[in-house]
Structure formats: C-alpha cells, structure tokens
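Same chain, two partners: subunit A is paired with subunit B first, then with subunit C.
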Partner chain A sequence: MSSGGRRRDPKVIWVFLAPAISFYAFFFLYPTFEAFRISLYSWSGFGFDTAVYVGLANFTKALRDKWLLLAFTNNLLIMIVGGALLFSAALFFAVALTNRRIKGRTFFKTVIFLPHIINPIGVALLWVFILQPRFGMLNVLLRSVGLEDFTQVWLGSRGLAMACIIFIIVWYVIGFYMVLLIAGVEGIPGDLYAAARVDGANEWQVFWRITFPLLRDVLVIGMIYWMISALKIFGEVWALTRGQPANSTHTITTYMMQQALPYQSTVFHMGYGTAIAVLLFGLVFCVSLLFFRLSRKEALEY
Partner chain B sequence: MASPTTRLFYLLFLLTFLSTCGTEEPTPAETVPQEEELPPDPNAIVLDIFHPFSVGASIQPELARQGRRFVRQNPQYRIKWTWAGSESVQRLRARLNAGDPPDAALNADAFLVTMARQGLALPLDTYLEGQNYEEDSRWLDTFWPGLMHNSHVANGAHGAHFYGIPWSAHVSGIYYNKGLFERRGYAVPTTWSQLVNLCQTIRDQVHIPCFEADNFNGYNARLLLYIATRYLGNDVLYDTATNRSGTSWTNDPGFLKVAEMTQDFATQHYTRGWQGNRWPVGQMDWANEGAAMILMPTWLPSELRDVKAEDFIMDLFPFPAIEGATGNPTVSEIKFNGWFIPKGAKNPDGAMQLIKFLSSRQTQEENVKAGGVPPAIKGVSLPEGVEGARPILAGDGGMPFAAGLDADAADWLQTVLYPLNDQLMIGLITPTQFIAQLQEEHDVFYAAQAAEHGGNL
Partner chain C sequence: MDAQKKLKWRQRLSTGPYLVLIYLILGTWAAITLFGFSWIVLTSFKTNRELFGIRTVWGLPDILQWENYVRAWTRSQMGNFLLNSIWVSALSVFLIDLVGAMAAYVLARFQFAGNRLILGAFILGSAIPLQLITVPLYLMFNDLGLRDSLIALTLVYVAISMPFTVFVLTGFFKSIPTALEEAAVLDGASDYAVFWRVMLPLATPGLLTVTIFNFLGVWNEYLLALMLINETDKMTIPLGLYNLQVVQEYAADFTGLFAGFVIMLLPTIAAFIFLQDRITRGMTVGALKG
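This part shows the complex of A and B:
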C-alpha cells in the first residue's frame, strides 16, 4: 500500500517538533539574543541594575582596540599560515597513505591521527613541558647533539611563540584532516588512475590532473571548517601561553575571555567581552554562509 | 582462527580485566574513620555557602569537616556548600544575577572591593565590633592588622565600611632556597645592593641563575612595582597610575631610574628564558634548584607541597630597601582571601556565625596543618615556608597587592603596564622607550576612560 495518500496533520507535526524547537529556542536563540542585548551595555556582569546602556559604543571601542586587532591578526595567521601548512601536509599524507605500495599504512595513519584523540588542554600542557627553555625536551635534545645555538625561548619570544602555537595546532588537528582527505582520495574510482597510466601519465601528472581536481569538494569543505575552527580557536592558545608574552599571542576568544571572565584580575567587562563575542559570531556566520554557498555547488561527476 | 596479534590483544585485555578483580585493599583515605553525617532536619536553617575550592582540592575536605563540627555545635543550622572550583567567579555571577545569592562567599580581597563598590556586598562592621569566637577579644583585633586595611573600602556603595572577613593571609616577598643559603653561608640581604651583590656571588660560585619566574605578566610586574615603591613610594606610583596627581611617567626622572633598575636586574639575574615558562613550570623549576630565589606571594609553599623534594626548604624575606631612595623602604604587599555577605543573602547572621567559627584559633590552626594555608588571625602558627612573612603580617606597614592597583586599576595594569613591562624585562625595549610608551599608552587609556565613563576607572 502506498503511503503517499496519507494526510499529514500540521498540528501533529508541530507537536512532535515542539520539544526540539523549545530546546533550541531556550538554549540557543534566547542566549544569542541576550548576548546581543548585553553587548549594548557597559556592564561588569554583576547585577544588571548596575549596567549602563551605551548603544554601539562597545563595538566602536572594539574596532579601535589595538589588542583586539592584534588578536584578530593572530587568528588570521593561524588560519592562513596554519592552513597552508595543514592542508599541504594532510594532502601529502592522504595521498601517500592511500598508495598501496607503501607498507604500514594503518600504523602511520594511527600515529598521525593519535594526537587528535587527546584533550587539547592535555596536548598543550604536554608541549609546555617539551618547550620549556631550561629542561624542556626540545632544548635538551638540541644541546645534547651540540646545537646549543639553536635552543630558543620557544613560548616566551613574541614571534616564535605564535609560530609554536601554529605548529602545535597543526600537529594536533592534522590527523582529522588527513582522514577527511583519505576518504576523498579513496572515493575516486580506480579506473581513472588505470586509464591515466595506460595513457602514460606519471605520478605527478596523475596527482595534478586527477587526484587534486577530484578532491576539490572535500578540500573546500575542509578549508571552510578549518577557517571556522581557526576563528574560534581557544583551548590550545589559553593553555599554551594565555595570550602572553606581552599580550602578543592572544586570539579573539582568549582576549574576549580576558575581558569578560578574567583570570586573577578584577577586570570585568562583560558588556565589552560580549560585544567581541557578537563580532566573532558575525565573522563565523559569514564564513558559514560561504560554506553553504560553496557546498551547494554541483559536485564533480565521475 | 584469530591471528597471533589478535590473540595477544585478547590475552592482554583478559589480564587487565583480571587485575581489577579480587579483594581490594582499603586505600589510606578509607581507613580514616569518617565522621557521621548529620541527619537532615526539615526545620533547620540552611546556610548557603559558596567557596572557590573544588571538591578534594587543597583543604576542601578539612573545611567540610569543620562545617560538620559547626553544625554539631549549632544544630539549628545545616550547611549547603557550593564547591565552585576554578569557575567560581562565573558561577557566583550567575547566582547573583539570578537573584539567588548565597549567604556567604569567599574570594580575594580585590574582588570584595569590586563587590563593595557595586553595592553587592554588605557592610560587616557591626559583626567585627563584637567578640571573637573564643570571646576573649574584639573580633576585629584578632586579624593581622594589614588585612583589615584591605577589607575597609572607603568608597563602598554603603559608605566607608569593612566588607570582608579574612580567612587566609598572604604577603609577597623573595623566596629563597634556604638549604643553599645555609650550605654556602649566604646572608639574607636587606638592601638592594646586598641583593645585587648576592646574585653576582651566586652566579660566580654556584653557577645557577638567581631569579626564576614564568610568563604570567601579573607576577612579572611585581619586580618593577616593588622597585617603584621602594624608590619613589607607593603613593607616587598609585597616584600616577590612577591619573590622580599632576605627576606623569615622563616628568619624574625617578620612573626612568625604576625602569633601568628593573631591566638591569631582570636581564642579568633572572633565569635565561624565564618568559618561556608557563605556570607552574617556573615554580617547579625553582623548587628543583633551578634558581636560588623567586619573587612570589606566600601561596607558593602550598602550590609546591606535592612537587618539591622532601629536603628542599624555603623561606622568604621582604623585598630589600633601596639605599638613598625616597620611597617606602619596608612596605610589602599583603592580601587576604576572605568572606563577604552578598546583598540579598537570606541568612547573614547565621553565615557570620559560621564565618566566626571558621576564623577561630582551632580551625585556623587546622588549616595550617592540613594544607599550609597561612592564617588570617594572630596567635596561630605559620605554615612551613611562611615564617619569614611574620614581621610583614604583624607590622602595620602592608599595602594591597600592586600598591592597590590590583583593586583600583586592574584594567590599566592589564592593558597598559603589563604588556610594556614584559617587553622591558625581556629587553625588547629600552627603559627610555618604556617610559615614553608608558606615557603614550597611559594617555590613550585615560582619554578612552574619559570618553566612556567621565574619567572614572
């Protein structure tokens, strides 16, 4: 019997949808609306009767705030420099580890993916000890092989600390993106490769003419996901440097945290911190729109 | 048939599983006789108490035990503890905003000042004028004198009153490796030149750096703030930083001298690469004889309880006086963690009765023994590693942390001084550049403040 003739009662649909909608409204829409409202006040976060309505002043302050600009620049650095490093390495591993001539592929996949299953704070603390200048593993190793001159104050020098953060984040997430790209590579029909080889294509040509173009959709999705993650990055930076030295490694989220929910300080700028959160929401929203727009594009057929 | 690897895996799994079976030996904690829980009493007054410890952290179990003892002595009460952990300020904020304040909450003195100014903490003078728990003294007089200066908020929303009851006391000073000092016959320095000479001697003789630190900018700035206090006076520093006097950073040549002394000392005597330490790596390195000294508050010994070597002995001495300087030669930072009664608390009297019990000589002594928490009251022994703080606590010359800027200009510290001080200490900018940039950032900061709040911090 066909089900196409059954009448759908809209009331029933709403009854079933109501719990989910209520849940969504209460735990997402309402807090989001509240965040927008709070961002219009100068408020410490304690007792709303002390809040002063300031209109868009928090937003204009944010646009002039040099520390926030520096934090945003750091997000962009993570996104662009980290992204270039991440996708070139993840793509290399994905292609290499789908090559049947390479032995121990499962082992290498596991090793590369392993960091991603650890809690990011745990990873960051591990690196804090590895990079400690005096007894950290890296400097000790460099000294032991006679490379004393290459020892560094890894997390304490302004430019170097950001470079370390980018490297650690890439090291942490590369397994995830590698798996994503492996799924893409394995989805490419083998007969395309066979046909290319019959036509005399070498490995390099096969990669650029077949693998790379047919991975486009997966790469785009991966990159947009990375952009969103890079904008929202928090835990690793907070645990590694807490925005130091000299406020040079703050990202938008760590700076927002320092403003609204400070650590060992009585700086309480809930209104301003929330305005930063709203700006971040806008940024992530735009990137997400881009994601949906690009993912709607017709997929390549093969 | 399973492969040898799979069989090995099964075997290991089985062994792991079997190792968890069988009769378990009682852990030491379980062998300690547990105090009997009190039966619920529907007629009892429930005291809603908010504390920043996590369950099991520091002396939380001891505090809970003291609470049960209080209830046994005062059966009309029951205590509902909220062990809020590291997110305590956020959780407290949620409670206050929801109109459901606890009856009492514990936090740092600078935080209580913020609460008092916003009208969210109640004045406590009447209670402090009464008798202490042992009923042998006025309660106010039992605390270390410097602590009560920090509790007194002149511009509280309810007027000039005491708004906090100290629970633990802290001062900052220079911690030193006492064993090393004794072995080498080093004298504790009392003047700046003695300290500088001692650092030189230590580096020549022992080949270890003198001062350890980490990348927490609030801790780092302590060196500059102390030198400024000694060299120019804490009032000059406070007034300039809070924009209350005609003094500016560039007008007074003393500030340049302070910056020069700070940079010289940090670049010559701090551990190489100290700024790459992330808390608590610096502290741990120091406790493992990585350096001879560290400038820290008295919570250091309790932080290091579980990581320092058994035979590592530490003590502290006050930041030395600077010869020929016009500032305060002996003043030291002093602060407390203490209780306040939030506005709207349902049982303030009951909460104060509990707080009085928790500041009795017996409970404060228990805190010292259980977790090395320095007591807020006089007449109680000080924990190991804090004995050197006694003259600072007993004297009347304490100043709030960061010369009071921690409570009154935290924003200025975070956005103006700390980032520049880090650069000065690392040697990225010269003292002259530091002063020039400090003035510039200071002016920008107060111009923005004036635009936003009419100049008030």
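This part shows the complex of A and C:
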C-alpha cells in the first residue's frame, strides 16, 4: 500500500478486526457449522441430549418427501412465472420512466417502489385484508360493479392461492428491479439514442436494437438475484397462507419452518427441518457463486 | 420524400397510441397500490359494522373512529413493539457501522498474511440463507438462557450484517486517496487517530449507504425474530404485526387491526417520503454488492 515506508503496528490489525470476527464467527459461522451437525440427528427440539444420530437419513427422507417436492415446485413456479411477469413489467416501467415525454415520472416511480419498503409481513397482511372473502376490497369491488360471479375465496382455493401469492410477491419486489434497470438505462450513452433518431428508428426498434442489448448485463445480474430471492422466499408466504390450503402453497422455507419451528406447529422435527435448510443452502450457494462470478466480471459501479 | 413520410408515420406511431397505452399500464399499477393503501386507511376509521355492511364497506366512514387507534395502541401493545424495534434497530446499526468500519479499514489499508482470506470469509456469508442458522441459534440461545433477549437478537443482527457491510466499506476505503492519511501520519498521528479522525469522517457516504440498507433490513427482519422471541412484550414490529392479526381476529376486532396496521406502517412510509432517493439507491446498491 502506498502509505508504504511507515511501520505499522501489527497490533492495530487485530484490535480492529477482532470485534467483527468475533460477532461473525460466534453468531453466524458457528451456527452454520452446527446446522450441518444437527441435520444428521433426529431431534424433537426438547434439549439436544434427546437427539438421536441418524446419519444421512434426514436427507434421504427429504429427497423422497413429496411435500418438499411440491414446495420446491412452488419455488420454481414463483421463480419462472413470477420472474417472467416481474422482468417484463420492470423493464417496461424502467424504459417508460426514463422517457422524457412521460409526465409524472417521479410520482410513478415513488408509488411503484412504495411496497418494497414495508416488511413482508405487512405486505402479506395488507393483501389478506384486500383479498378477504367477506369484506375484502377486491370482492366488494366486484360485487359493486355487478360481477358477483367473479368473487372468490382468493387465498383459500388451490391454484388460485398460488397465483395470488405470485402476483403479490411481484408487486412487492418490482420497485427494486425497476430502480436497478432505470440505473442501467440511464447508464446507456445518450448519443446512441440521438444517432438512432437521426436514422429514423422508432421507439420499438430503439428498444430492441439499443436498450435491450445494452441492458443485458444488468438484466442477468438482476435475474440471478431474483433466482436466489425466489429460492429463499419466506415471510410473504408464511403470513399470507402458512402453506394452506391443503399444504398446496408451501415453499421450501415455509415447509422447513413448519417442520422445525417450536410453538408454531404440532410437529417438532428440528433435525429434519435443518436438513431441508442444508439442501436449500446448497441450492442458494450454487446460484450465489454464479452471482459473484458475474458481478465481479461486470464490475457494476454506481 | 417517401422516406420523410415514412419517418413521420413512425414518429406518430411512437407518440400517440403508444403513449396512451403506457399511461394506462403505469396508471393501473399505481392505482392498485394507492387503492390498497387508501382503503386500509379509510377502513381503520370505520366501525366494525360499517366494515361488514354491504353499502358502507366501500364508502367513507360516517364519523372518524379514532377509538380504533386508541384500542389498537393500548390493547395490542403497539407502543411496545415500536419501542422494541427502534431500540433493536438503532443499537444494531450503530454496532454494525462501528465494528464493520473498523474491520473494513484494516482489510482495505493493511497488508498482512490472511488479509484476502478474511475478506473472502466475510463475503462468503452472503451466500448463506438465514434459514440455515435458525435452528442452531434457537438451540444455542436456549442453552445460554438468551431466548426472548433483545440484546441477543441485536448481536445476531450485527453478525449477519457483516458480509455486506465489510464488503461495501472495504471497497469504499480502498477508493479513498491515501494522501490525507499520509499527511496525518507525518503530523505524528497514531494508527488509531488516523482511523477516527481522518478515515471515518471521509467514509461518511459509504457509511450512510450501509446504514440505510442495514436499518431497513433489521427493521423488517422477521425470520430470526420469530425463532428467538416468544414473549409478546419483547416483539419487534414485524412479529407484532403477525401477532396482532391473531389477537384481533380472535377478538373479531377488524377495524382495530386495520388501525394497528396503519400505526406500524406510518414510520416506514414517513421515512421513505423524506429519504426516498437515498433509500432507493441504498437498497439497490446494497443488495447488489451484498
């Protein structure tokens, strides 16, 4: 380093590093290693001395667990169906809200981003109210315009509940991806657009020939980030449906918490729940490595 | 001539109907959000009867029912949740900034064996989903008698924020020119003085980003709080909201629930309106670096 010639007191290094390392090691790394150990036990959650070592049994059980498979399918559904809706809408908003001809850009940006600052439980509660079958806003609205037949028990019907969950999650996170893409669009040199205009290209051509190709890097990063989020999704689903009706809307995390969480459920499979978390970690870790790789290469700077 | 005509046609296409369509989509999306929120606020001022009446549910309340708010505040410990959240978030963020900045400064400016390894170990943490540590933490806190302790929850929040914080701040310290530091050293300042008097003030913009990102993260954290906090009077806002739903639904006090919900959202929305630019930037940059 350029503060070169000076002798630095090596004690400083450890004095400054010690607090961060201790917090991190004690409350994050240690529990992480513990998780791998606990996943090898069958344990009800009442004192670890009652736990029985079962080797990899929890993992073989998990791979054959059809409820876990269903939960994983729901994660994939959120990732793919939700992702398609999310990225097409976010891209649309980003392009529209960087277009100077559109009035009220700040207003739209604020309102679209607004849900994202609320905690997931708040978001879920808001929608539980709106979708409530009896007095919820949506059914009331449908009734008042004579569409009585379209009223639904939104979160209580199989299939429909999952569709609602996907929409709500997209509604919740879209502001984040929109802001990300807006930053991307604003980073594209203006003279490229000016040149295209001179050549007589229309909006549509400008988007496909200039904006979209130049946004590719930001889009890829955003999509990988979305994949990780979709795998880890928890609070929204937990507070919206708790995996119901008929366990049809569980995701990996809600299923894991239902297995492992004390006081909240009737079963206490802490070892099994932790094994599920280890599998989730494997999935997230692989996608994260991809993320690190790409984000380092792109060297995104803001 | 022909080309010019074509150009005009294209330009018209790109302004007229397209523009209407764009406004339509933007407007619909915004309307969903605004309707949702205003309906909640409106309902929080109604009587339970108005909520269930077919004709009154969508209209304005007859008389503003401020009692709903009084009830929500007193009966469901809303004030408590709010205080707990403020206390946990403030202490967490203070510790995160302090501890994170100290580590990041050393990792950015000192060369020693293990430097890159330590930085790598910190960054690796951002690939670990929190679900993995829920059960071990529960077990650990049970053994240590730290369940239902807000301080313990705070310490966990400090730990899980380290990967992102150290990563961003290390990058930030590296970007600060070394000249000022060298001048301070020539004046005879110790390494400690250089950090406190020179580097930390220079790192303010980086600290601000980190603070906003971590504050919102801790303020909204739910999973670990759910696992470690069980007593109602120790709950933070997200946990309290969930609890509120259960309690008020048993009491069939729906308007009270709406009022409680509004109270819980108010601080966040107020903060967002005042700090909008910083928050959006802090959140996006944060998530990408973390």
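Simple rule for what comes next: the second predicted complex is superposed on the first by the 271 of 302 C-alpha atoms of A that agree within 3 Å, B and C clash if a C-alpha of one lies under 4 Å from a C-alpha of the other, contacts with A are read in each partner's own complex, and residues count from 1 in each chain.
In this section, a contact is a pair of C-beta atoms (placed from the backbone, for glycine too) under 8 Å apart; a residue touches a chain by one contact, two chains touch by 3 or more.
As the structure is a prediction and not an experimental result, all values here were calculated from the model.
**Student:** Based on the superposition on subunit A, does the combination of subunit B and subunit C result in a clash or a fit?
**Tutor:** With subunit A aligned, subunit B runs into subunit C, so clash.
**Student:** Quick check on the superposed pair: does A:74 touch subunit B, subunit C, both, or neither? Answer first, second, both or neither.
**Tutor:** Neither: A:74 stays clear of subunit B and subunit C.
**Student:** Applying the touch criterion given at the start, work out whether A:211 contacts subunit B, subunit C, both or neither, answering first, second, both or neither.
**Tutor:** In the superposed model, A:211 contacts neither subunit B nor subunit C.
**Student:** State whether A:261 touches subunit B only (first), subunit C only (second), both chains, or neither.
**Tutor:** both
**Student:** Could you say whether A:134 touches subunit B, subunit C, both of them, or neither, answering first, second, both or neither?
**Tutor:** After superposing on A, A:134 lies in contact with both subunit B and subunit C.
**Student:** Once the shared chain is lined up, is A:176 touching subunit B (first), subunit C (second), both, or neither of them?
**Tutor:** In the superposition, A:176 contacts subunit C only.
**Student:** If you count the residues of subunit A that each partner touches, which comes out higher, subunit B or subunit C?
**Tutor:** The larger set of subunit A residues in touch belongs to C.
**Student:** State whether A:42 touches subunit B only (first), subunit C only (second), both chains, or neither.
**Tutor:** Only subunit B is touched by A:42; subunit C is not.
**Student:** Once the shared chain is lined up, is A:251 touching subunit B (first), subunit C (second), both, or neither of them?
**Tutor:** neither
**Student:** Applying the document's definition of touch, where does A:50 land relative to subunit B and subunit C: first, second, both, or neither?
**Tutor:** In the superposed model, A:50 contacts subunit B only, not subunit C.
**Student:** Between subunit B and subunit C, whom does A:156 touch in the aligned arrangement: first, second, both, or neither?
**Tutor:** first
**Student:** Output the subunit A positions appearing in both contact lists, the one against subunit B and the one against subunit C.
**Tutor:** In subunit A, residues 48, 128-129, 134-135, 261-262, 264 are touched by subunit B and also by subunit C.
**Student:** Under the definition above, what is the set of subunit A residues touching subunit C in their complex?
**Tutor:** Where subunit A meets subunit C, its residues are 1-3, 6, 8-10, 12-13, 16-17, 19-21, 23-24, 26-32, 34-35, 38, 48, 89, 92-93, 96-97, 99, 101-102, 107-108, 110-122, 125-130, 134-135, 137, 140-141, 143-144, 171, 175-176, 179-180, 183, 200, 202-204, 221, 225, 231-232, 234-235, 239, 253, 256-257, 260-264, 270, 273-274, 277-278, 280-281, 284-285, 288-289, 292, 295, 300, 302.
**Student:** Show me the residue ranges of subunit C that touch subunit A in the complex, using the header's touch definition.
**Tutor:** Per the stated touch rule, the residues are 3, 6-7, 10-11, 13-15, 18-19, 22-23, 25-26, 29-30, 32-37, 39-40, 43, 51-52, 54, 57-58, 98-100, 102-103, 105-107, 109-112, 118, 121-123, 125-140, 155-156, 158-160, 162, 166, 178, 181-182, 185, 190-192, 195, 216, 219-223, 226-227, 230, 237-239, 241-242, 245, 254, 258, 261, 264-265, 268-269, 271-272, 276, 279-281, 283-285, 287-288.
**Student:** Would you mind writing out the residues of subunit B in touch with subunit A in their complex?
**Tutor:** Interface residues on subunit B, with respect to subunit A: 89-90, 93, 96-97, 110-111, 113-115, 118-120, 215-218, 271-278, 281, 285, 290, 343, 406-407, 410-411, 413-415, 418-420, 422-423, 426, 428, 448, 452-453.
**Student:** Which bits of subunit A are touching subunit B when the two form their complex?
**Tutor:** Its residues touching subunit B are 42, 44-48, 50, 54, 57, 61, 67, 128-129, 131-135, 152-158, 240-242, 244-248, 258, 261-262, 264-269.
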